[in-house]
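Note that the chains are named A, B, C, D and E in the order they appear, and that numbering of residues resets to 1 at the start of each chain.
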Amino acid sequence: MIAAKVIDSIWSTRKADSLIGMKFMMVEVLGGIDAGRIIIAADTISAGIGERVLVCTGSSARKMLDREDIPIDAVIVGIIDEDCKF
Amino acid sequence: MIAAKVIDSIWSTRKADSLIGMKFMMVEVLGGIDAGRIIIAADTISAGIGERVLVCTGSSARKMLDREDIPIDAVIVGIIDEDCKF
Amino acid sequence: MIAAKVIDSIWSTRKADSLIGMKFMMVEVLGGIDAGRIIIAADTISAGIGERVLVCTGSSARKMLDREDIPIDAVIVGIIDEDCKF
Amino acid sequence: MIAAKVIDSIWSTRKADSLIGMKFMMVEVLGGIDAGRIIIAADTISAGIGERVLVCTGSSARKMLDREDIPIDAVIVGIIDEDCKF
Amino acid sequence: MIAAKVIDSIWSTRKADSLIGMKFMMVEVLGGIDAGRIIIAADTISAGIGERVLVCTGSSARKMLDREDIPIDAVIVGIIDEDCKF
């Protein structure tokens, strides 16, 4: 997984039918040489802008959703505790 | 997913039979340290050159298509709303 | 796999139900041009901070766990012997 | 997919049994910040050295082949038309 | 696949049960902008230190092994012929 910060929400009206109702957040990778990488992740746990999150990518991201047939390759799987230092 | 801008279409006459009839677009990653990365993505939602899109990669990309047996690792899954700032 | 060093543990109280009880460690890639890349990996073999580990990523990471339905894309699969030089 | 240029063929006499008879080409990624990345891709459509091709990577690459049980993570899926500018 | 050079063997006594008996080699990517990237790959074809090899990554790497339930994301699939120039 990747530690990242939620920086914005992304809106897409014209999209795949299977994505309707899904919320997308823009996150920025935190720490290390990948710091500053931007990923668009689906969010099902109501992460807020500014929160630090764990993002799972690839085929494993689909395991977070109820359906296997959905074109999603990144999803927020957890919110890092505020008092967790790194 | 990746936020990217459609910059051109790509034509390939000699290709895998399973790709016949499929439309390919060259997209350029937007934002962050990956800005400027080039990906060739299949397009099934008629994205236009200049539009900003969401691109899904890896095995999840195949979920956008009707068939699972197709050698595609990137597909446009949504068009980012014009008034969406980032 | 990737050779990495465990640098910290990561705490996430609000997370996917399927991740409850799972331990997450922040690891830093060792060696080569990726040195300094940060990954958050699940740990089921009790790696300690400071130890060098082997991290498996992608869909293969799920093979380390008892369940296939879990949103995990990186897992510690082994601890590199202390007297192993590289 | 990735747009790349075929730069050489690769010969491997000692290899996995399942790869016997397969042709491997060294390709170089074209355009963007990944330009100059080298990938070894299986070729089943007779791409020639110097031709520009589309390369599919990851699990989707196996969809180009007749068999699912083959350790291949990159395959040439199309040849870009010569008069296609980018 | 990736062209790489075997630079060392890696020893891990504490590891996943499914990895017992498996041999791991540290390889360094050859050529292009990824030159110098370090990967730890399983080896089932007895590659020697100093040899140039083809490494398959991701879910396809598991196809090289007899078992699908093993947390391996990179495996040596062939040894590049000594007289193969690139």
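Note that in this section a residue touches a chain if its C-beta (ideal position, glycine included) is under 8 Å from a C-beta of that chain, and two chains touch if they have at least 3 such contacts.
Computed from a predicted structure; not experimentally measured.
Common neighbours of subunit C and subunit D under the contact definition above: E. Here subunit A and subunit B face each other with different sets of residues for the most part; under half of the interface numbers are shared between them. Once the centre of each chain is set as its mean CA position, subunit A and subunit D turn out to be 31 Å apart. Work out the mean CA point of subunit C and of subunit E, and you get 19 Å between them. Those residues of subunit A in touch with two or more other chains are numbered 34, 58-59, 61.
The touch graph of the protein chains shown is a ring with every node of degree two. Begin at subunit A, move on to subunit B, and keep following the contacts round; the order you get is A, B, D, E, C.
Listing the residues of subunit B that touch subunit D in their complex gives 7-8, 10-16, 18-19, 24, 26, 28-29, 34-41, 58-59, 61-62, 68-74. Here subunit D touches subunit B in the complex through residues 1-3, 30-34, 45, 54, 56-61, 63-64, 75, 77-81, 84-86, going by the rule given at the top.
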